[in-house]
Structure formats: structure tokens, C-alpha cells
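Shown next, in C-alpha cells, is the structure this report addresses.
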Amino acid sequence: GCSTKAPEVSTEGEEEPLKIAVLLNGNLGDKSFFDSANEGAKEIQSKFGAITKVIEMGPDQMKWEPTLADVSEEDWDIIISGTWQMQEYLEKIAPEYPEKKYILFDAAVDYSSGNFGNIYSINYKQNEGSFLAGALAAKITTSDMELANPEKMIGFVGGMDIPVINDFLVGYIQGAQYVDPEIKIAISYIGDFFDSAKGKEMALAQYNQKVDLVFPVASQAGLGALDAAKSEKKYAIGVDSDQAMIFKGSDNEKAELILSSVLKRVDQSLVRAIELEIEGKLPWGTAEALGLNEESIGLAKNEYYDKNIPQELRDLVEEISAKIISGEIKVDTAIGMDTNKLDEIRNSVKP
Amino acid sequence: MGNEILLMKNITKVYPNGIVANKDVNFSVNEGEIHALMGENGAGKSTLMKMLFGLETPEEGEIFINGKAIKIDSPTTAIKNGIGMVHQHFMLVPSLTIAENMVLGIEPRKNGFIDFKKAVAITEEISKKYNLIVDPEAKIEDLPVGMKQKVEILKALLRGAEILILDEPTAVLTPQETKELFEELVTLKEKGHTIIFISHKLKEIKEICDRITILRGGRSVGVHHVKDVTQEEISRLMVGRDVVLKIDKTPAKPKEIVLKVKEVNHIDVMGKNILNKISFFVREGEIVGIAGVEGNGQRELIELITGLDQYDEGSIVICDKEIRDLTIKQIRDLGISHISEDRMTYGVAEFASIEENIISDRFDNKDLNNKGLLKIRKIQSLVKQLIDDYKVKCDNGQQPVKMLSGGNIQKVVVAREFSSSPKIIIANQPTRGIDVGAIEFIYEKLIQLRDEGVGVLLISSDLNEVMELSDRLLVMYGGEVVASFEDSTKVTEEELGMYMLGIKKQVFEEKRRVENE
Amino acid sequence: MSNKKIETQFEIIRTFVAILMAMTLALLIILLVSKQPVDALTSFLTGPFSSIRRFGNVIEMTIPFVFSGLAVCVMFQAKQFNMIGEGAFYVGGVAASFIAVKFLLPAGIHPFAAILFGGVVGGLVGLLPGFLKVKWNANELVSSLMLNYVCLYLGLYMMKSTIRDPNAGMIGSYVFPETAMLKKILAGTRIHSGLFIAILFIALTYLFMYRTKWGYALRMTGLNESFAKYSGINTKRVIIYSQVIGGLIAGIGGATEILGMYQRFQWSALPGYGFDGIIIAILARNNPIFVPIAAFFLAYLRVGADIMARMTDVPSEVISAIQAIIIVLIAAKRFLAKWQHKRIIKNSQEKLAVKEG
Amino acid sequence: MENLLPIIFSTSFAYSVLRVTTPILFASLAAIISDKAGVINIGLEGIMLFAALMGVISSAFTQSVLIGVLCAVATGVLLSLVLAYFSLNLKSDIILTGIALNLFSSGGTVFLLFLAAQDKGISVSLQSKVVPEISIPLINSIPVLGEILSGHNILTYVSLLCVFLIHLFLYKTPLGLRIRAVGETPNAADSVGISVRRIQYMALMISGALAGLGGAYMSMGYVSWFSRDMTAGRGFIALAAEAMGRGTPLGTFLAAIIFGFADALSNVMQSLRVPAEFVQMIPYVTTILGLVIYSIKQNNKIKKYRRNQV
């Protein structure tokens, strides 16, 4: 219900720490999306001295709405949650708790359809990042890099045939076509986000079809594809977090082959939001789309990147990046794209 | 006669469902005797023996072997103490060979593997020693019952059984096989083995047993020397009243033909010719018996007549209707009733209640359901009536059939099949393994139905039964009718035996004369 | 006292002891992993009753459990080891969503039509393993396990190619119109009118199984197929319709769940109710009357566990382990059997003594 | 289509079939053993999962592949003992117990993983060992066959060997004979003094050990880590393969290979741009078809026998 807040008596300097709950509608350990949010929570805690609690709601949708409602009734200042599926629950529940604030990442509520002044939404332009990845990959496949073959073939392994994943795909395809209109791309979907053995098989199948670089966008299952790169001695590009660095130390051989990763900095964007909030500058009641410009999306440029990628390619990436930021290059998004259009794009690179 | 080899003292057994199967039973057997154990169905014979063999544990009482008290908690202990058991229902693994069954649990080994050659050798050796000839490499599932019985006995002997328990071994045997078994038992006895013999057939007891212990309602009601008591006395001790097994019937007055089987052929999965142009008929108001050693096509014949299986050639006509394409239900609706030889498989659903078992053939009728909704009260009163009429011993109609004794289960089957106003009854081994009291009852009912104009086809391996009960008698051998007798009282057992074993065969003319009148 | 009474009494005691033991074990595990064990256990046990919404959650979860439990009951009673509940539940949801999105019907009729269609499609899915079994004797366990995946992918494809909302960020259908959704019946909870459908189906299933000739034929076929055949029951037909009905109930469950709990279809994986249905059916001893109790019990466990994970430091994973222990202990038949046997013996002997004395 | 054929007839495809088949084969052999003893092991999925985790953890801590595999096997045995205790001693329904075991493993593994690696999804922070791949001296020099058959993970060879060993075990050893007897007619076994329960215990233990090997392959061969729910239904597919192979080791091997083939096929088919859902369906549809074709054949055999004779 709507309770009127008693005027707060806050003493200077001894400010109450912010209380932040992060609801994840999945499980930790995916090494990408949810883990990244978790990282964000940790950083918020250490950087701003906030009290944070991360609640894993698991994959069962039945539980999400009541958990959100439950948590809204508890004593939190800000409740953070992500993905498009949580959007609708948020639209329903947030107006009932106007004294609470909500941050929604990787989706946006429809501000035209209601009074959502207490929600701030973050969208990511992952298509911009994967545009860079596509361009890089298309260059590498015909380059004289050690493990590249002359065929113009690169690969994409998606978790499921769904908009968010296809958003990566569309950017990837357009980026590759941007540097080489002749490029062929093998595209497979695993069918879920956790069967890493299947992910490995899919990637292996692609490598066996003359693909020399695979871009897996499949959360935990995608790690199998990186394993395939190692066993086939071919290249890969990671996703969401800097995946080469995950393996550095424990599996250097694999890390060497992960030329870069398309970063989707959920953590960074959350930290940024809280920072803005503390400064009183967070635009509540609006949605922001963060991309290359905000550095929420980008290519990982780590030691392996520097070591393995030839200078002229690195320069090219910078150049394209600048063009995207300036708006000279327009990248299509798969979100809201109808199936025929998507198929057309996919078929244009069919091997 | 030797000294007391076995003593079961003050044995009490209560099953988990609360049934007191044995109460203070004392049972003593002397070395080297054949000791009969008799009693009505459910008297507690099998239970007593199961405890001796370690399959059940008594709540109270002690077991002494050679005067020494031992605790038998598993078949292993029983076997160690020289006890062997041939169960009422065979305990053999169908997919294994005789030799494999023989050595199960005591396999001869070579390098950790089973020494199959040795197993065969062992089997051959013991089979020679006791003159019980079997083919060690034959699979159990292909064997006739008589052979299985032999394997069971050999199995026990191989494990060094001094005391051999035989639980109703003759229930499924032909006279010839029974005779053979008895010879074997006598040989065993001569070799010093002690035998406990359970049977419902008084004649057999008289023939080979030395002493007899009779159980009634879970208690021992006396031990006697067999030669000191008559069959009638034994019956009275068992049942508590006089039993007349003499069948009293007037000559049949047959009318229209209700079942006509003509030149039916049947080939089984393995391609074996099971039925060979078989032809015969049954009329209203007569009992036609089929004698024959089991496994000569009787079972298949009945499956075809009752619609459990389909025939390819020939014709079967019930009440003027060819049944080739009819379902079992349609055939039953023509007026056929069927008592199956295998009551636990076909006769009843053991976990279902008596009520549910009785309405299985008529729940679809208008008077028991209203547009699909069962009329519970109607059903209850119907079943109550039948339980009374057929003297089924039970608490009430809701009791699961599983809780009844074998004889009472048979009564449930009979009650259902006899009360469906049949035109023809196929009675396959209708009295197998049930006590004299129940047998007497079933005979009376059968004859009563015959007199009311029902045709009866009676198949039985009990020669006495077919000869006494039938008006006409056929003999089946190798899937054919090899003999046909207009008047079953005019045949001797020996003559029948010759036909049953395929030694004699009536010529075709003679057969046709009877068949196609 | 009759032996039957002892058995019933014992059954109750046994269940209680089993729950007690399971709770002790759970407590041990919680002590091991938690710094606030008392809070944890309290929120586990009393959490579901601590607010109307949470109690609502239990009931909300009970509804689909009832359907999947009933579906399994029917198939298991016919001795059909069919796992199609999972797939049928899923396609039932897809089918109902299709009607909900594609047709504009008046409020009363819309959900009715959608649920009916969900049931029909679920029934068709159930038909397949039954048909394969009857026609070629193909093992229904295997075919249904595999068919579940086919249901998932085919359902997903059908949904995507007909009613998918391209603006949705995940795979999802268009939002259902108000007319199609099942009304909430208790403010502050999401309990919806599907509850009445569930109750109706408990009664219908029970009546069907124990009061109609078809139910009778089904049970006899399950208890002893040879016997049923010999008695003239068309067992092939029974085998087929038992699985069709199972599929139908599961399909209706899926439809009810989708229209009651969601605004649009968005299951991209099998929701798992098939296996839950098996747990429930076995706990309910395949008797429709006990299904709601078993379903409520399981829902209570799940919701309680969930609250515990949310409110305290007990990780949610530990909870599935605890659930497993509780379920198995309660299903243990021999648990304390010796003690029961002694009671019965004593009782029987006393009775005998009285009779003779 | 013209793209597909060269792929299917390539050696790398045939090689991948064996690779995909391995975990299913282990699990379906496990299913055979328990099934033959008359106890359905629905818990294979969970047993594999747990074994996969324990293999990773123990090999990471000891830095020994062998200990890792042994631990996986031991875990399999231990879990099957639990299954046996509840279903055989306490008489809980065996299917329910199996399902509960799966539930238990799915949560328990993540919890343990968190304790061992501070991670709830994947064990990459643990430096676990991998069972090596070996090329087989003579075979690897045969032109085509060498490429297909040589160079596999050792556990793949072990699984092939197991087909043969299980066949020998079931049909030639005393314990095998007893297992078959117990499964077919427990009363008969009981009556000759074989303890039915003990044999079922042993069968379940062997079954658990095989599933343990399957788990070890998943996390120490197929991929080099453990991840949440990584068995992804392979335990159930194994049950299907076992039924399709009618419980004989050789038949089951064939069924597992067919499934592996279909699965590998679906992996390469995606590039043809058939809707992903249809491609993903292939293995399951194949299994159903395989089952139906087998059943039809079996049925026809019976009918043909008759017709020929008439």
C-alpha cells in the first residue's frame, strides 16, 4: 500500500548507508550476465559503503513476482533487477510502492503506459559491441594470423534463438559484412544456456566446417565453445565479461585463443547509476541506452588482444568504434525486428 | 522306520495383514518316511513349509533337526541343514537353461567365469544318479510342467537335500507323469531321503505316504499312519464333515450345437504347428471332456475359442456365429464363459476387491451402470448374493482377492463365470489345487448348469475328473483330436493313457462318425 | 481394534515420525551451513503462513501440481509409465495462449475455449505414446521422455511462428487480452479462478476412476491387463484413453497455469511439472482424493524453502537437497515396519485368545 | 543438402559421433545392469552430475587424473548405495527415490561447488585435470578408420570396452547370472539361497560406478570443468537407449550410437538454416523413430513366422 513517509531526521555526516537489493531472475555462476550484476553489487558496496543483498530467484518464473513484491515490502531503498521478463512484473509492482526506487537493467519499462517515476531503466547496445567483433572476425579469418585459414568463414553460437541473442548476431553479421560483403557465417543455437558440452559440440562442428573463429553468446553453455577453440586450436571471441582473463592462470592456452570479448558491463552500468543517484543526477522515470559511448559496451582490449591482433586491425577497430559513436555507422537491432527481416539478414551470410 | 529327523514345535505364524496362518502347530517327521501334509485351502500348509525353508519366520516356536534346535532365517540356512523345497508355484528362471537353473547360487567357476561345461556335467551326473532324466541345455520356458518338476527336485537334491518338501507337486501332472514321479519318490526314499508331501488328492496320499499330518484352520488336528485311516476319514478330518466325491448325475440330454470347431489350424510364434485341423462340437446340456497331457494344444485351443488369440484357418462357430473377427467382449456376449487354468493371470486381478473381480465381465451391462455411471448399490448386493451362494470365505466384498486362499480365489472365478447365464462354459482345470470341499461344490454346480441346458467343455489333466464328469470324452494329442468316446464311462484309464501318450490313434472314419452326427 | 485400524493409525504415526526425522536432518544441514539456523528453520516452517501473499503463493503453486498429479495418477493407475505430463503441460500452455491471443471472445467464453483447446492438444500429445504402444508395442516410457523434448521444440516453434511478440526481449507471445485471463479471486494474492477448475478436476477424476465403467476398466487393466482382456475389456482402447486423459488433464493444467499466472506465454524451457506430478502421484498413492494433499504439501515445502533462502543465509541449493530427503522419507513404506508388525501380531493373538477363551 | 553430405561423410563427423555417444553409453550400460536386476535407476542423471563434480574437485586438489576418476566412480557407487538403501531397505518407491536423487544432486552439486570454488556456476577457477586423449598405435595409421577411431579420450575407449565387459559380466559370470535371475524371477533366486536384496545392492553399485565414469567423462574429458546441471538430460536419454536396445549391451550400444549420430547431425545441420527448433528435435525424433521401427520389425517377425507356415 501507499504509506506516507515520515520526514527523515538525518544528521550531517552520519548518513544512513543506502540499502540496495539485487534480484537476479536466474542463478549466479554464469560467468557473464548475472555474475556481472553481482560484481556490480559488490563494487557498489565497497565503493559507496552501501548495504547490498543479492537474491537469486532461480529460473522458475513462478517465484519472480512474489519475490519482487516481498522485497518491495522490506526495508530497501533501491531494488535492482534485470531482463525483459522482470519488466512486466516491475510495471505492475513498482507503482504500488512509490516510496521505493527501482533500477531495471537490460530492458526498459514502457514509460508511456503508466506512472513509472520511480523506475530507471538501462538498455545495452550490445549490437554495437558485436559489430566490432564481427568486423574484427571478418578481418581475422582471411588474415595471415597463425591459425587463420584462407576461407572467409566465421561462426556464431547462440544460446537460444531469442531477441537479445539475435541482437548480438545482427551486429556481428553487419560488422562482418561491413569489412567484407562476401563473408560467410555459420550460425548455430544450442537450445539452452547451460549445456556446455553441447556448446562445445556446436563449435566443434563449425570449426570442422572451415570456420576459424567462433563467437559464442550463450552464457554458461558458451564456455564449451571456448573449450572447442582450445581443442581445435582455433580462435574465439568471448562475451559479456572479459573471458580471456577468466582463464588466465588456470588455462593460459585457452586464454591465448580468446582474441577479445564483447563486453556488456552490467556491473559498470549499475555502479554508474548508483553514483549518479548519490550525486542526485540519476534520471528517474526514464530509460537510457548505454553503448560504446558510455563504455558499457565494448571490446576487451587485454594483453592477449594487444599481443595477437595486428596493429592495423586494432586501428580499424578504433576507427569503426569512433564511427559508431559518431553515428556515422548505424547498427540494426534485433529487438523488435520481425522474423522475416531477421531471416533475410541471416540468409545473407549463409555458407 | 527311522527316528525323528524334524520337529517343528509350537509354531505360530501371523502374516503382516494379521492373518494367523499357523497356531501352535506341532509337526514331526521321521527319517526316511514320506509324510503327507493335508488340509483345506488356507489351512496353513504352505506357510508351515515356508517357515521350514526360511522364506517366512515364525512368531513363536522352535524347529529341531536331528534333535538340535536351529534357527532358520533364510533358504540358505535351510539348504545348509539339508532341507530342500519344491514349491507349489515353480521357482525357476524361465530364460535360463536347466543347467543354469541347477547351479544358480552354487555356480562352478573357472577363472572367475561360470564353467558352463561343468554345470552341464553336474546336471547330467545328478540326473543319472536319481534317474530323473533332463536335457541340461534346454531352456526352462520351453519345458512341459512335468519336466520342470523334475528340475525342481534335482535342484533340491543337488543342494544336498535330506528332507525334501513337495508342495502340491501333482496338481499339474498327468497320470503318467504322476506315476513316474511316485516311482522317483520311492527311489529317493530308498536312498534314505525324507519327503514331506502336500497334496489335495487322497488317492495319492494313500498310494505312497507313510504317515499323515492334518491341518485345519492353522492348527494340527492329528497325525496318523496312512494305512490306518480311510480316504473318507481323512476328508472328514480336513473339512470337518463328510465329503462325497462320487459324482451323481443323470444321463445327458443334449440339444442344439452351441460350439462347433472345424478344421482349425494354429501356428505359434516360433512357427510350430500347435493345432492341426482340429474339429469337434459341443451341444447344449452336455459336458464334453478333453483329456490329454498338458502342452498338446489345449491351452491354444481355448485361447482361440475365447478370443484371446486369433485363428487363421478353419472356423469356430458359437451359437451359429463365426467368431473370427469378434472381440472377446462380443464372444462373451454370445454366451461363453471361461474358467482359465491360470487363475492368477487371467482369472483375477489380485489387488482388486472381490466385487471388482466379479463384475469384470458385466460392468458394461445396463443393469450395473447408468450411462457409464456404476450402480454401486446394485453391484454390492449382487456380489453379496454370489459370495453367499458360492460360499466364498471372506470378510466382505471389498476385501482384495489377494487375501483369500487359493481355493477361495477359484470360487470367486467360478462364481463370476457361472452366474453370467452362459450358453457354454469352457472350464479349464476348474479344480486345480483346491480342496475336496470346494471341488465337490464346483462339480455339483457344473452338473446343475448342464441340466439347465448349458454346454460345457471341460479340460482337465485329472483323468478321474474328466472321466467322471464328462458325458462325451475327447483325447488331444499333438494338436489333434486322436480319440473320441461317446460314453466316457466305457473307457478305462489305461486305454485313455495310450491315446494321451500318442501310442494309439483312432482312425479318421471312426472319429468323423462321432463328430459329424 | 481391527488390524486395519492399526494400519491406518500406524500410517499417520509413520508420516509424522518421517516428517520429524526429515526436519531433524534438515536442521542438521541448516546448522552446518547457516549462521542463523533458528531464523532459517522458522522461516522455512512458518514462512508460508507469515503473510497472505505467501500463503497465496502456496495455493498458486498447488494448482498446477494438482493437475500434473492427477494426470500422472490416471496414467499410473492404468500401469502406463508415461512421462508425457511434462510435454502435455507445455503444449497445453502454448495452445491456450494461441486461442487467447488470436481470438477475440467474450470474457466468460474466452478462457473456457482456451483451456479446452489446451486440453485437447495435451490429449493429442498423450495419444501418441499410447498409440505407439498399442500399435507396435513401443515402450511408452521411452517414447514419452523423448516426446517431451519434441513438445518443447515444436511448441516453441509454433508459438514463435504464430503469436510471438517481436517487441518482447525474450521469446514471448503477445500479451493476453483481459478477456482471456483467469480472474484473481483473492486480493493480495495471485490465486486465480483456476483453483475452482482444479477442485472440479479432483472430483471429476475421482468419480471417473471409481464410479464410472471407463474408470473401472482402466483400473482393472492397470491391475492385471491379462485379466481385463480375458474379461472382455478392450485393453488397447483403455491404454490409449488413459494416456489421452492423462495428457488432457496435464494440458488443461498448462492452460490454466498460463492464463492464471502469466500475462503472456514465455516458457522457453519445460516447466518441470511432469516430474513434480510423479512425486505427487506417488505420495498420493495414485488416488485422486489424496492428490490435493500431496500437492499442497509439496507446494508448502517449496515456498517455505524459498522464503528461507530469501530471508536467511541458507543457499537455495541446499533446499533442493532437503526437499529430496523429506520426500523420500515420507514415501518410505518400511520405515518402522517392525514395530507395526509387532502390534498387529499382538492384536491378532489377543483376538484369537478372546475368541477361544 | 549438398553441403550436408560431405560433412556427414567426413571423418571428423564420425569421430564426433563417438565423442557424443560416450557419456550416453556409460549411462545406458549403467541402466542395463540395474534394470537386469529388476531395479529401475531413474537417478542416473543425478549420479552422473555428482560424479562429474567430485571428479573435478578431487583431481584439482590432488592434481591426479586417476584419483579424480576414481573419486567420480566412488561417488557414483556411494549415491547408488543411498538409492538402494531407501528403495530396498526402507521400501520407498524406486522411481520417486530416483527423482529425489536427481533433485538432491542438482542442488547439492552447486552448493559443494560453491564451497570448493566460490562459484555457483562453473568450476574454472579450480585447476582440475583432464583424462588425456590417446592415439592407438596400429589403428591410427589406417587411412580413414584411423582418423575416426584413434585419438579419442581414454574414457571413450573405456566405454567401448565396457560394452564388451558388461556383456561378459552378465552372461558369463556367476554374479551376472544371479543378477539376471534376481531381475527375472526374484522368488526363484530367493529359493536357492541367493539374497535378492544383496544382489540388487551390487547391481546398483555397479550401475553407479558406470554412471560415475560417465560423469567423469563429462567434466574431465568432454569439457574440462564442472558446470551446473551439465548432464543436461543425458541420464534420461540413456534410459531411452537402454529400452531401445532391449537391455542387451550390444543392442544398447547400437541405440546409443544412433542417438549420438542424430545428435552430431543436429550439431552440423544448424548451418543449413532450418529453424533451430527442428534441428534440436532431431535426436529425439530419431530415438522415437528408432524405437518404433524396432518395434514394428519385432511385430512383423511374429506375423511373418505365422504367414510362412500357413
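General observations
By written order: A, B, C and D. Residues from 1 in each chain.
One rule holds in what follows: a contact is a pair of C-beta atoms (placed from the backbone, for glycine too) under 8 Å apart; a residue touches a chain by one contact, two chains touch by 3 or more.
Quick caveat: nothing in here was measured; it's all calculated off a predicted structure.
Counted by C-beta pairs in contact, the busier of C-D and B-D is C-D.
Measuring from the averaged C-alpha position of chain C to that of chain D gives a distance of 29 Å.
Between the CA-based centres of chain B and chain C the separation comes to 44 Å, rounded to the whole angstrom.
For this pair, chain A with chain D, the centres built from the Cα atoms lie 35 Å apart.
The set of chain D residues that touch two or more partner chains comprises 110, 120, 275, 277, 280. In chain B, no residue touches two or more other chains. For chain A, residues that reach two or more other chains under the stated contact definition are 56, 160-161, 191-192.
In summary, the structure contains touching chain pairs A-C, A-D, B-C, B-D, C-D.
Remark: chain B residues 12, 14, 16-20, 23, 59, 306, 308, 327-329, 331-333, 338, 340, 345-352, 356, 359-361, 363-364, 369, 372-374, 376 touch chain C in the complex.
Chain A meets chain D in the complex at residues 27-31, 35, 56, 160-161, 186-189, 191-192, 194-198, 200-202, 204-206, 208-209, 220, 223-224, 227, 246-247, 250-251, 343, 346-347, 350-351. Put simply, chain A touches chain C in their complex at residues 55-56, 58-63, 65-67, 69-71, 83-85, 87-88, 106-107, 160-164, 191-192, 335-339. On the chain C side of its complex with chain D, the touching residues are 33, 132, 136-139, 141-143, 145-147, 149-150, 153-154, 156-157, 160, 275, 278-279, 282-283, 315-321, 323-325, 327-329, 331-335, 337. Those residues of chain D that touch chain C in the shared complex are 86, 89-93, 95-97, 99-101, 103-104, 106-108, 110-111, 114, 120, 233, 236-237, 239-240, 243-244, 275, 277-278, 280-281, 284-285, 287-288, 291-292, 294-296, 298-299.
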